[in-house]
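Have a look at the structure below, then the notes.
Chain IDs A, B and C follow the sequence of writing; residue 1 opens each chain.
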Amino acid sequence: MKLAMLPFKLHQDRLFPSDATQRAIARQLYAQVAGLPIISPHGHTDPAWFADNAPFANATELLLVPDHYVFRMLYSQGISLDTLGIPRRDGSRASVDPRAAWRVFAQNFHLFRGTPSYMWLNHVFHDVFGLRIRLEGRTADMYYDHITAALGRPEFRPRALFERFRIEVLATTESPIDSLQHHAAIRASGWSGRVITAYRPDLVIDPEHEQFPSALQTFGEITGEDVYDWRGYLRAHRKRRAFFAENGATSTDHGHPTAATANLSAAEAGKLFDRIVRGKGSTDDAELFRAQMLTEMAAMSLEDGLVMQLHPGCFRNHNRGLFERYGRDRGADLPLRTDYVHALKPLLDRFGNEPNFKLILFTLDESTYSRELAPMAGHYPALYLGPAWWFHDAPEGMWRFREWTLSSAGFYNTVGFNDDTRAFLSIPARHDVARRVDCAFLAKLVAEHRLDEDEAAELAVELAYNLPKRAYKL
Amino acid sequence: MKLAMLPFKLHQDRLFPSDATQRAIARQLYAQVAGLPIISPHGHTDPAWFADNAPFANATELLLVPDHYVFRMLYSQGISLDTLGIPRRDGSRASVDPRAAWRVFAQNFHLFRGTPSYMWLNHVFHDVFGLRIRLEGRTADMYYDHITAALGRPEFRPRALFERFRIEVLATTESPIDSLQHHAAIRASGWSGRVITAYRPDLVIDPEHEQFPSALQTFGEITGEDVYDWRGYLRAHRKRRAFFAENGATSTDHGHPTAATANLSAAEAGKLFDRIVRGKGSTDDAELFRAQMLTEMAAMSLEDGLVMQLHPGCFRNHNRGLFERYGRDRGADLPLRTDYVHALKPLLDRFGNEPNFKLILFTLDESTYSRELAPMAGHYPALYLGPAWWFHDAPEGMWRFREWTLSSAGFYNTVGFNDDTRAFLSIPARHDVARRVDCAFLAKLVAEHRLDEDEAAELAVELAYNLPKRAYKL
Amino acid sequence: MKLAMLPFKLHQDRLFPSDATQRAIARQLYAQVAGLPIISPHGHTDPAWFADNAPFANATELLLVPDHYVFRMLYSQGISLDTLGIPRRDGSRASVDPRAAWRVFAQNFHLFRGTPSYMWLNHVFHDVFGLRIRLEGRTADMYYDHITAALGRPEFRPRALFERFRIEVLATTESPIDSLQHHAAIRASGWSGRVITAYRPDLVIDPEHEQFPSALQTFGEITGEDVYDWRGYLRAHRKRRAFFAENGATSTDHGHPTAATANLSAAEAGKLFDRIVRGKGSTDDAELFRAQMLTEMAAMSLEDGLVMQLHPGCFRNHNRGLFERYGRDRGADLPLRTDYVHALKPLLDRFGNEPNFKLILFTLDESTYSRELAPMAGHYPALYLGPAWWFHDAPEGMWRFREWTLSSAGFYNTVGFNDDTRAFLSIPARHDVARRVDCAFLAKLVAEHRLDEDEAAELAVELAYNLPKRAYKL
């Protein structure tokens, strides 16, 4: 007997508590925020999409190949990256029919049950593409054809989706040596979508990045500064930050292995920089240099008003064999235990009490929420807490974030949601999950008589819309 | 249109689950403990209040200025401590009208939504002062006038409130060089309120405390011992402990940066002490001395029966600029990752199996609950777990404490609630929150058929009343 | 008035949420898994029980004396191990009437309220022995007599219970120098019960184990290899692994203080081994040798297909006085903070991408669930997550395991339940708790519309039955 294909739907009450009291409150709260425009102050979409407005290629290239959340799970269960057509480090790719790769994905879609990818993908299938049959091996081709056909239509071009998604502002992330040509093209095009950049200088700050030497050279060329001289190097940063701000940037972002900061004298910093650029720096020097540069970036933020973001605590490219064959960003990054209390003190000793400086902290180490981050954000005027990040950007993780930061940081020292994604089509899904989880969390507080409904309603709007706008100066 | 001022009330079911089954059980359990007298075995109220029984000054001086939970949150959102009239390190204060400070607080009261301070303060407003309109900017003056007027009436004097609050016993905390004159005055007055002291010797044990040299000198004068000699120093402790016990103390308390203990020979300890008192001690010596002194205090506890408390893992005065201007206890203390398994071994090797020795452990690092503290308390006869402390003394934190310690430590290796507060008026609110959360936790166990109702009822009374009395020998 | 003795029962809905929606779903899911055979791939029962099929002695010897979960809790409340008749290190025992020991246990049974032992024991009393009156001081003798009498009957012999419990396969754990005579006897007996062994080589791998020298000597004698030579030592392992596999083993198990692995050259490893066997090894050498041996064991697993298990992060015999008097396994083992990301890299650099190699990871440090273990298992093909272990094998711990690993590892990188017990009679109770908690967890996902019911039903069977069979190749 051949089984019928299974219908699926997005339940209107998904992620709300099943307790009737709480669900009723959550529904009311959600009704007030469901339709608010999306503020996306931190993410990794490609600005070329919005500059060129070219159609996306097919289901596999759009949804599978670029999403390391997806292929890492498949890989963990023994499916090779070549089977999925993931590009190799040298730019080559196994000769894979995208439809065949999609079939493998579909046959293994059950592996994602309960994960955020499952929710995001189903949301995309349902709401963006109007699919109403569950993805599985038997429906793989139907999905592939349906999605690929849709992508050829005008209403699935990037700008049309941007508008359909009601995105008020979308930040991308570029390195200092990026020309920002796509952002310029977007503005020149007359299209009204607000796509801004963010200054992400890791490439010219981390001496251990394999592209550091070449990036530094380009940094000098593009700015006309002597970037092998400490003062010239700082001037180059100032120039590029100003250029980024002209292109809409309101923030910088820093992805460091640790949260270490330093507060060296100008003379010490200059000597350290000399060792670094002459290739004489030790591993400790590299760490100290990154640490000092966070403090330098903070100093510049005080000057130019860019909000600073710190995303520390990741062991990149942990899988040696995979890195050698497939390169970076292949799902082999792992969280590390992270210290903030000691690490941030040098920076905070200088700028922690500045009311006009904002440093938004993220973590991959949830044990720091109640022990370090919330107590710090609940005291220092400069500190704010970014939302649950990366491995923790799931309903359970979002709930833990609120539950563990509320008592010491409250709601107002947090900054709303970041989707932090390169999966453009999933942006509405991700914001919807965040809004639903926050409404569910608030509903519990109301149902347990810790907040009145009017207070929760106000907070729901703050978390979904106002806090990110204020925090990121949007 | 001018909005009406908003009524507020304390809901009778606050903090109970909204699930009808659990709520009904929680209500029944709570009914049995709501009226029990308050046992407050650890706190920081000022014994002079009860000795002098003078009226409190006004709303700001009573509720805002002394409460670093409150002003740290305001500070984190950019409100200066001078605006609030917080005293500076040199004893001076900005010239601030207390009413103006109160207005700033009232205008920003929404920042506390969801935090324990919000619950405690609303409980005080509602139950102690009978207010029924929500605090906000528009009601600031009404609150200020109402509270300040009430404080002038006899029934708001400290002793009257003590009795109204049904406090059976209240412990304060004093250093060894305190004269305990207020405790003596209370007893001499004939008033029946039981206000006892606790022996908190950090000032004469921590060589890194800025008052250590002067405190040590006073310690010698007050005891008539040569406190610069190791044996004399220990004798001085014994004398003061005995004096504290005469003044009602049943416990000692130790607030150390880490939980490190040591077990040096008398000769080694003597040499270490010599280096310390001659000012020749290193940072490591200071840590080792504190560690050794915990073991010495345990040895004395075995002699005199005082219950020992350890509150480790706090980075005091993290904010350098704030410390320089405003001094200690200004909301800039931060939790640290804390080890107990290795740190306590030297002390436990000596005294861990003593059935007549009690060491009550607290933590600011919740990751130790299930990993270290509960397994330790569920084995060592000497060890007990203090309740969720400081940053974790919130409904969420209390729930985590129970959820993470239950399986390895059970209920009977815990000691009930500590309010640990200098905010006298909030004591009933804090105990009420603890009783409600424990009843809610027990209700879940009953509703999920892990305990019978009679077992939960017995446990509710144990947690609210019997366990702290037994643990602290009250 | 003498109180009536209290009835007790196992509620059919125990451990299910009280929310009506979730409970109904949980019931349906549980109905599908409640009767599935028990897969017990990791445990510590004595194979002699099933070889000899002799009756158990009495209630105390069966349920109290071997169970350190039970006597550690009693000990923590001041009851001496001699009172309970726990054997001493020298093999002697205090002269204790087992009935008297049972009475002490019964009088203190309330100490276990809320703990997993309370559930497991009550399940055994109720379902295995048919008792319907609560255990307490007044019912101690009744219990003792009832249980002891039952144990004399044929249906309470080990093999009869094995069949009654519907155990499909039960793994014990033996050291390489064990003759496996009981497993041979079981097979030779013609009894159909499947009792297999697992290869646990700690004794001949850990140079710091007090039996290491004598075990190594036996290891040489039993294998006919020169185990004081690096190559001979490795050959000896290969031989014994093959012998264990012949006796049904499908896995190895490793209980190390840390998760450290190493990847030395053969020459380096040989030199290290020389230092170790000549007694010249330092503490660091011992750690490095254990680390290297994990990688060697992984290499052999690739050859012979045995699944590898790693149980790291325990400080054994923390209580010095207790160890000196009573020896190992007396409830004085404590969890340690554990690192996996750095520790496992050497092994993973060699074998992490091997689809035919399986390494199942356990932890006593729950802070690693979401930070390290789930992200690792959600990427590396070789890695799987073992269930909540030891101190965390409780409903709360199982729930945390699911809640913290789901988003990054999903369900399919986990391996179902391990009872890990020497308390044979509690095996059905433990599996039942695990099945109930998993069904409750799935019910929440269904009730919040994150899974459809058919998906949850499939997952419930996977978690209870299929995943452990596949993971352990049973």
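Couple of notes before you dig in:
Definition applied: a contact is a pair of C-beta atoms (placed from the backbone, for glycine too) under 8 Å apart; a residue touches a chain by one contact, two chains touch by 3 or more.
The chain list, named the UniProt way, goes like this: A, B, C = Uronate isomerase.
The structure displayed is predicted, hence computed values, not measured ones.
Between the two copies, chain A (Uronate isomerase) and chain B (Uronate isomerase), the Cα superposition rotates by 120°, quoted to the nearest 5. By the residue-number overlap criterion, the interface of chain A (Uronate isomerase) with chain C (Uronate isomerase) counts as different, with under half of its numbers used by both chains.
Centre-to-centre separation between chain A (Uronate isomerase) and chain C (Uronate isomerase), using Cα means, comes to 40 Å.
Within chain B (Uronate isomerase), residues 19, 367 each touch two or more of the remaining chains.
By the touch criterion stated above, chain A (Uronate isomerase) contacts chain B (Uronate isomerase) in their complex at residues 19, 21-22, 339, 341-342, 345, 348-349, 352-353, 355, 367, 370-372, 374-381, 383, 403-404, 406-413, 444-445, 447-452, 454-455, 458-459.
Note for the complex: chain B (Uronate isomerase) touches chain A (Uronate isomerase) at residues 6, 8, 10-11, 13-19, 72-73, 75-78, 110-116, 118-119, 315, 318-322, 331-332, 334-337, 364-367, 391-392, 394-397.
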